[in-house]
């Protein structure tokens, strides 16, 4: 930790800071310049609270220097991690496109969707049984019935399934229905009790970025899961909230190379929620793969016009198929496969 | 709902939109200008899904015109609501300053804090037993033990208590310990399952604004609680996330008059979390009262230097006392009391 | 400057950084911890470029510690500066409310407006002759003709006038018409050539904050003016751009106490542009004064319904008069006058 | 324009709105639902001012429906425009990568840079003679001397040159030195006097997006140039300002497909300023091409460690060469060439 003293800080103020550093079991290094005094606290930074120093007399500001995330940091595991879902690798050379409808509606819809997922060459399927909706009067998902439809549809093709968990009390049900990958939605990225619970199971977790979460907060949210023992975490960038109103959110492609450098864990992208319109999805999906994403979550509906939710952002089965071809060529351009 | 057709939309496209409006049981009004065709859908807007129309051929864009929030809307209750907490009114002429430490630490700390709350002229007390922390390695709160310390300290002065609920599974415990006002934190503003649960109890709820929640989303989150039957909701503005890095968050004072116009429910402000530094609190608290806030949540610690969390944002008992004097004068200037 | 080395940085990498620091004439302090090596560069920080160090092998990151603004910093002038405009003080105990219409339209309109400004108890007048409009097809202001109307109307009451300069080539005209205070608009806050030019005249400058300018960038923009020799600078907060769409901008009241601490120069607030609606102006104006603003820029039009620009944000003369009464009481509550 | 009346608006209020619409020469369509009255104003929307209606009694809100940009709109020119710079097409099948150093330093530096630009396969060169710097004490560019170095270096390879204009008073000098493409920087995107001036010359203009400019404001800024007669405008996305602090700005790839749909003009991307670090540039450049950009502005310096400005974001000549190979493969994947 680095403590910058105010101009004209007195020796007594400097000494008080030094005393506090020593009390915490760290070692101080005092650098005196003509204008400024800077004090470094060397040692285990987690043993000191920056806030304590910030209110001491004569202190201008305090900066942490070590990262607060440990298990998810690339420092702890310099090679990238590959997470296997029923044998399918996420985070390796092969890019995974996970597709399916926004919400689970009927057995038929899910069967057709599963066929289309396979036909397009995807290896995993998504679908929502519990839906986080802005309005309490909007369709909230089919719930457990939805999980049943989903499992039945996916099983015909041995497709691993991905679905969102919103409530800690449903975790046992998710385990019963053998959900392959549990998704934590953007609005729950800092629902710390939920993170702690999924840290105790042995299922891979897709952790979506909160709408205004910094990369650092996102890594810390993953650290909550990892600290519980579950290291199978997949980051999913899904667009951030900005001042722009011409589209729903801004897909933050810069987060992809930055996360790949900061963490050893896989990074995927959801181009469907980011833009909010089906016609934007191909451009965003292509950008994500070109920027180094390990996978995508793409909404596809057998018949978007009839979708019960987010109708305007789902691709048709044919659009998905066409997109997969372009993505394959881009993957090759960046030394990967799809 | 208003549907703006694209330039050169065909009659067939226009007719298809009209058909869909009629199918939903609404009535259409088609306005044909030299450049544009605009179609209004008149009737119960909740029966139609804007997304369905947005993907129809020839449609440029779709705008809702009615508000999605009903119970919390001022339209449903033109006079302001006054919520009573053990007889203390929130939302009336009297402004309530709720004060206390960020986190509950010891029985002694809480006793001294409760004395200071009363000495400053405040009528309600806050304190955190369960703390949402960015890092899993940071102090997470004393939990149930904290509730016990809090109740004991507050009871000596008959102070109603306010504390944060993070996990649905703790709601029964909150009822047992007779928490007077349940706070839903910023990170849980769209934790919809939690909102549904607190909608079923008969305790007043303080609903903090999410860090990047729009006013509309915030009203909809309150509508989740209200839809469950609990109409005792208090909005709490606590600063929003912006590009600025010189302070933690930006206190959005504009939200105060806007909410007071949109909803009949009380609006309070948390100046402590907004700025993140104790020296900013008086200016922000004063601004909030001057802008029409019905109350404040102000952090105060018997000895900020020793606080276990957010040490740098707590006022001392003396600073709180001085602030209350200035706030009293401002309250009077705007026709209220404190 | 502080240079944090990467974990496992080699001695050669550390030595290379030290060499660069010495080459620039500064002195290094190397702090070696168990995990991290931190190097402080003590001396005149302006002689080194952080970017050079950031790309050196083994460097994790680089932080400046000294402030880049010098003349405008409170460090250079611990007491606050009071700027006099024809004898009227800005920045002292008395708060100045500068009022008038958004744009200058006719001689009559300006005469009536000037009468209303005086009747409300204000001592300075604002009005726009050159208007920055988003659309090239919108009314761009009356130009020089407007300055003439303005001067004539204001002269009847000896009111100092404030108006916006957009183009360096008009500066001589502003001097000819003896504009008392030159306003630099939000969109020109980083129009560095314009800043340099107004740095060479001896007129007070109101420097509005850019829509997404950080406090640091704003102080640096003022430093551009100050570096040219003109130290009569007044900061004007006018709302920042955020994700919120329910109002035009978010008035950043936190900037008021922060600027008052960082700079010795006066800080005023424009509540009219911030909210964008007349009915929001009183709440925002009151908040600004309560938070410590030294003045306000408030739009008032003799007949808002007929205003050529921003009709919906102007107060009527009667509304201004009523607001001044409330502001007077709040000023008193915070130890000032109006 | 659509005017939504408040619930319970009276007939008199409705009639007053209708009268105003007719006065402006437009035609009204009144839709009366059970809850709401909506009034459409059909005709030339530019003849009415939404603000006038917003303050009328009984009006809830007002929405424009037509776009304010005309010349730059794709509606005015459904096929994309290809802009030729000394015969080199921007906006066609071939993607143009414009490269060169951030700032012009010496003749030697520019000569080596020009050689590297050509060696990498690029056809145009960039370089800054006038630099917009946050600090008045930072290097402000070589000025006219820089233009001379630049022209001499580029001429050896017949490379068209791109450089930034900050001050209207320098426009004649830019014409004398025969600058091929004039760049308007992000900070000047709404410097309307500068836009008007470059609207009068016959040189292509690169218009960078302001740091917090919406797509609509950006299109309107281009409309300022186009309204002056110069239709050779190239949009350049360079990252937007958000809450994220882990990188300088967030490259908004979504803006690429959105602009390509809204305007017929070319869209290029500056990945160097967006991320602010050289190691991020390849991922961002690749994403931009994959998302449909017509070109890139990439900073390259013969020796980044010695760069006088933004040292940490420049590629080396070798890195540029390697990037061009990958970009070529991605261009092919999306049906284009480089």
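Letters A, B, C and D mark the chains as written, and numbering starts fresh at 1 in each.
Basically, a contact is a pair of C-beta atoms (placed from the backbone, for glycine too) under 8 Å apart; a residue touches a chain by one contact, two chains touch by 3 or more.
Please read these numbers as outputs of a predicted model, since none were measured by experiment.
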Intersection of contact partners for chain A and chain B: C, D
Taking each chain's C-alpha mean as its centre, the one farthest from chain D: B
Which of B-D and B-C has more C-beta contact pairs: B-C
Copies chain A and chain D - rotation angle from C-alpha fit, nearest 5 degrees: 180
Whole-Å separation of chain centres (CA-atom averages), chain B against chain C: 31
Separation of mean Cα positions, chain D and chain B [Å, integer]: 38
Overlap residues in chain C, where contacts from two or more other chains coincide: 212, 241-243, 245
Residue ranges of chain C touching chain D (in the complex, touch as defined): 46, 49, 51-52, 54-56, 68, 132-137, 166-169, 187-188, 190-193, 196, 211-212, 217, 220, 223-224, 227, 241, 277-278, 304-305, 307, 309-313
Residue ranges of chain D in contact with chain B within the complex: 2, 4, 7, 27, 29, 31-36, 38, 40, 42-43, 63, 65-66, 75, 212, 241-243, 245
Contact set on chain A toward chain D in their complex: 212, 214-216, 240, 242-247, 250-258, 261, 274-275, 279-280, 283-284, 286-292, 326, 329-330, 332-334
